[in-house]
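Beneath this line is the structure, given in structure tokens, with notes to follow.
Chains here go by letter, A, B, C and D, matching the order in which they are written, and residues are numbered from 1 within each.
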């Protein structure tokens, strides 16, 4: 299934876009994170601590993502 | 009993005491300690001269996270209120991008709550810094 | 490079930001953190209802001690300024009797300095509390 | 030698005066603290942590106090 993943801050600058589209091997957060790392080696240094937000909440690796869910990469935060 | 308020505001924040308490006297007689933290944009980042930071905020996720953290930290014994405000968009060097104010019975729980709030925000909240260097990015 | 100011003031303290920095922008571009602590007179002491606390200060000993502590704590790496003000005489319940404000590069050394300043003041400074209970002492 | 010792806060309330006069066995801070404890049993609970200021500076037990020095009992502090 093709999905959009929103990017912010340094990750968006590294990729040069604020949204990427990709086809993951499975429906879980873990699958999507693996696909992001595979497709975007420029993000590799940040993927170790990266998480996904699904519908505006941090999701665990086993969370299954539905077809209409909003997905965002949560990495390289900098509040404060 | 503790009160919590979280706000995202466009641009730099004013330097003002909390709206929970008026200027001279605290109406809550249990409050013996007020602690206010102000985060200010520094003039350099990794050795380069900054003009500003542009804060990018993913809403409503960020507000929900800050509210949840404030609610949890305000459950500490003795904490009476937590109020946090974060800038969105451009904040110039020297200006305030974040404030957090904790009112509590004693100083110790106030310091613990404000420290934990800030650490958890930096770790989890969907807020990003985009540095704008002097003379263009 | 760090600046220090200590003051003893008659009666309750106003709730105002430090005079080291103007309202909106910090002139020192190294400052990323401002922390302000306000100590407020609580409404009860040992279960009894208070009207006020009368602070007794042995001068010039107390000012000298506060200045020495501020000078020592401001020598921490990253600390840019420490400003402390303490009331003398009567301060009613809900009013501010003490403020301390620390400006620093990062939050961590600011919290360490303000905590250490207050602990050392409470341990050593020649300042005493005389509780004035509601309905006479 | 007869000396005045200034009292403040709770200690002054316990004794009922803000100045006591006493004759210590010797000239040191230790001697004067011992004499305060002996003459004013009402202060006993506080004397364990009590110190003297000599001329507005905290003094060690071995400090010798001169005849014109100003001496104050530093106990039961409450700043902040």
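Criterion: contacts are C-beta pairs under 8 Å (C-beta built on N, C-alpha and C of every residue); 3 or more make two chains touch, one makes a residue touch a chain.
For clarity, every value in this text was computed on a predicted model and none was experimentally measured.
Averaged C-alpha coordinates give centres for chain A and chain C that are 47 Å from one another. Separation between the centroids of chain C and chain D, computed from CA atoms only, is 27 Å. A separation of 69 Å divides the Cα centre of chain A from that of chain D.
Residue positions of chain D touching 2 or more other chains: 80.
For chain B, residues touching at least two other chains, in rising order: 39, 107, 118.
In terms of which chains touch, the assembly is arranged as an unbranched chain of neighbours.
Here the touching chains pair up as A-B, B-C, C-D. Per the touch definition, chain B reaches chain C in the complex via residues 12, 14-15, 17, 21, 23-27, 29-44, 92-96, 105, 107, 111, 115, 118. For chain B in complex with chain A, the touching residues are 39, 55-56, 58, 60-62, 64, 86, 97-98, 118, 121-130.
Listed in rising order, the residues of chain D touching chain C in the complex are 6, 8-10, 13, 53, 56-58, 72, 74, 76-80.
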